Amino acid sequence: MPKYLTEFIGTFFLVLTIGCSVLGGATLPPLAIGAVLMVMVYAGGHVSGAHYNPAVTLAVTMRGRCSPSDAIPYIGAQIAGAIAAALAVKFLLPGAEIKAMDLSKSVPQALVAEALYTFALAYVVLNVATAKANANNHFYGLAIGFTVVAAAFSVGGISGGAFNPAVAVGISVIGLASWANIWIYLLADFAGAAAAATVFMIINPTDK
Amino acid sequence: MPKYLTEFIGTFFLVLTIGCSVLGGATLPPLAIGAVLMVMVYAGGHVSGAHYNPAVTLAVTMRGRCSPSDAIPYIGAQIAGAIAAALAVKFLLPGAEIKAMDLSKSVPQALVAEALYTFALAYVVLNVATAKANANNHFYGLAIGFTVVAAAFSVGGISGGAFNPAVAVGISVIGLASWANIWIYLLADFAGAAAAATVFMIINPTDK
Amino acid sequence: MPKYLTEFIGTFFLVLTIGCSVLGGATLPPLAIGAVLMVMVYAGGHVSGAHYNPAVTLAVTMRGRCSPSDAIPYIGAQIAGAIAAALAVKFLLPGAEIKAMDLSKSVPQALVAEALYTFALAYVVLNVATAKANANNHFYGLAIGFTVVAAAFSVGGISGGAFNPAVAVGISVIGLASWANIWIYLLADFAGAAAAATVFMIINPTDK
Amino acid sequence: MPKYLTEFIGTFFLVLTIGCSVLGGATLPPLAIGAVLMVMVYAGGHVSGAHYNPAVTLAVTMRGRCSPSDAIPYIGAQIAGAIAAALAVKFLLPGAEIKAMDLSKSVPQALVAEALYTFALAYVVLNVATAKANANNHFYGLAIGFTVVAAAFSVGGISGGAFNPAVAVGISVIGLASWANIWIYLLADFAGAAAAATVFMIINPTDK
C-alpha cells in the first residue's frame, strides 16, 4: 500500500502542477513541471521507485525492476492521482478558459514527438535509476525531471507534451486535451517506453 | 544558539529574495525564491536542519526529528528573520508600488492551494531530509528548493504562494499580503504540513 | 557497439531539442538544450562517456581517456545522430519558417565566441568527468549541461551557439546555419577543445 | 601556478558571461551567470578551491582555508581574468549600446543590497565548501552558483549585482558600471564577506 499511495501522490502533484501552471498563465510551465517531477522522484523513489507514469512502469517492468503484479496497481494509482489532480485544478481555477489543443492537422507529428520524448524519458529512467553502473547515485531525480523540462520546451507545442498516459488522462479530464486524441498519447507513449527498454538492454548487455 | 541564528539567516534571505524579486520586477520570482531556499538549505542544513518554515518545523517535530523544546525558538527565529527581511525590503525598494493580493473572491481556492503545496513541501522535506533510506544524500536542498519553484509557478497567482507561515508574516509586513488574510496561510500551511507528517509515517512504517 | 549507439542517441536528442525548441518558439531554448545535454550525459555516461560532441571527443582523446580507435566511430555516430535529428525536426515542424543566421559581418566574433565557449565546455568535461580528484562525483552531468546553458545564453546571438561540430552539421541540415559557415564551427570548436585539453594538463600536472 | 591559472579562467568566464548575456539581450542573465559560476566551481574546485571572487578569497582566508600568501595572487588572477573578459566582451559585441547603471539616487540601497547578498554568497561558500560537516559533498557548485541566481534576480536592479570586486572591475571596464561607483562594490562586498566569515565561526564553533 505505501507504494501505491506514493505513486498516487507523485502523479497527483505532477498533474496538479501541469494544470495550474498552464491554465494559471505561469511564465514557464515546462520548468514548473520538470521541477515537480524531480522533487517527487526524490521524495518517493525510496518507497515506490517513483514512476508516476504508466509508460515508465511498462519500461521498468520489461527491464525486470518492477514485478508484473505491481504494474497494474501502480498504473491504477497513477491514473487515480491524475484524475484527482484534474478535479483539483478545476476547483482551483474555476474561471479559467480551457481549450483543448487541436491536433487534427498534425497527428503524425504528435505521435512521433510523443514517442521520441517518451523514449528519452524511459531511457533516462532506466539508465539513471536501474543501471547497476549508476547504483546509489544522487542525480536520478535531476536527470528524470529535466528530461521533461527539455521535452516540454521542445515539443509541447506539437503534441501537448504528455509523455505519460496518466498525464494524458489528467489533461483530458481538465480539458486541455481532447478525449478523441487520447489514443495518440497511449499508443506513442507506451511504444516509446517499450523501445527504450529494448535499447537499454542492448546498451547494457551484462546488466541483468 | 547557532541553530536559531541559522534559522534566522535562512528565513531572512528567503523573505528578502521574495520581496525584492517580486517588487523589483524580476522576470522569474519563483526561480529566484526556490534558488535561495535551496542554497540556504545546503548552507544551514548541517547546523539547524534548515527548516526556515514553521510548518516544516511542525512536520519535522511530529516525525520526531526536531525536539519539541526547539520548535518554539525555531519558529521565533524564523518569524524574526522574516520581519527583519521585510524591513530590509522596504529599505531597499523605497519607491516600489506595493499592493496586497486580493483573495476576497477566492478564499477556498487559496486555502486549498496553500494546503496542497505546503503538504508537498513538507512531504518532500520529510522524505529527502529525514528518511533513513535517503541518509547522506546530496540532493535534499535541490529537492526542497525546487518544490517551491514548482509551487510558486503553479499557484502563486491563486494564493500568493507562501507555503510558510513565516513567509506569510513577511509578505504581510511588506504589504504584498493583507493581514486580514494571515489566517488563510496559518491554517492551510500548518494543516498541510501536519497531513504530510501523517502520510510520511504511513508510507515509511518502519522508519521511526 | 553499445558505445556508438549511446553516442548516436545522445547527440540525436541534443540536436532534436535544439531544432524543436528554436523553431517551435520555446521561451528558453538555452535551458531546454542544456537540460537535454545534462540528462543524456547522466543516462549514457556509464556506457560511452557521453561525449555527444566531436570536439569533446578530441579533447578526451588528447587527455588519454578515449582510445584513438574509438574516436572516429564516436564522431561518426555523433554526426549520424545529428543528421537523423535534423531530419526529425523537419518532419515535426513542417511549416516552420527557417532562416540561416547571417554571420557575414561578424566572422571574427563568431570564431572567438565559439572557440571560447567550446574551450569552456571541454575544460569542464575534462575536469568533472576525467580528473582523478573528482572521481565518482555525481555532478558531472549538471556541470556539463549547464555550461551549455550559460554559453547559449551568452553568445548564441553572436555565433549561433553550436560549441559542437556535430551540432553545427545538424543545424546546417535543418537550415538554421548556413553550410558556407560550417568551417567557422569546425575550426573554432576543435581549436577551443584542443586548447582546453592543453590547459587541463597544465593545471592537473600529476593526473595522467 | 595551476591554482592562479584556474582562478583566472573561472573569473574570465564569469565576467564574459555577465557581459555577453547582459549586453546581448539574453532573456535571463541571472540564470546564465549563476550557471557559469556553478560549472566553473565544479571544474576548478579541486585545483584552486574555485573562489573567482576577492571577497570570497577574503572570507576563506579569514576562515583559515586559504593561506594568506595565496590570497594576493588569487585576487590578482581574478582581477586579471575579469579585465581580460571585459576586453573580450567589447570585441565580441562591438556595436552594443552600453550604459552605466545610475546609482546616484540609491547609494545606501546599493551598499546594503551588495553587502547582504555578498554575505549570503560567502556564507554559502564557507558552509558548503569548507565546513567539516559537509565534507565530500557534491552540491557545493550548485549551491554557490544558485546563490548568485537568486541574488541577481533579487537586487540586480538595485546595485547592478556584482557581489564580487573582480566582477565590479570587469563591469566597470565594460562600461556597465561607472568607475565612480567602484568603491560601493569594494566596500560592501568585502564587508559582507568578512561578516559572513565571522558568522560562520559563530555557527560552527567546533569546526576549526
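Here the chain labels run A, B, C and D in written order, and each chain numbers its own residues starting at 1.
One rule holds for everything that comes next: contacts are C-beta pairs under 8 Å (C-beta built on N, C-alpha and C of every residue); 3 or more make two chains touch, one makes a residue touch a chain.
Since the model is a prediction, treat every value here as computed from it, not as a measurement.
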{"item": "Shared interface numbering between chain C and chain A [over half = same, under half = different]", "value": "different"}
{"item": "Furthest chain, CA centroid comparison against chain C", "value": "B"}
{"item": "Between chain A and chain C, centroid-to-centroid distance (C-alpha), Å", "value": "27"}
{"item": "Inter-centroid spacing, chain C versus chain B (mean Cα positions, whole Å)", "value": "38"}
{"item": "Multi-chain contact residues (two or more partners), chain C", "value": "27-28, 31, 138-139, 142"}
{"item": "Sites on chain C touched by chain A in the complex", "value": "2, 5-6, 9, 13, 16-17, 20-21, 24-29, 31-33, 35-36, 38-40, 42-44, 46-47, 88, 91-94, 138-139, 141-142, 145"}
{"item": "Residue numbers on chain B that touch chain A, as the complex places them", "value": "27-28, 30-31, 34, 108-109, 112-113, 116, 120, 123-124, 127-128, 131, 133-134, 137-140, 142-144, 146-147, 149-150, 153-158, 199, 202-205"}
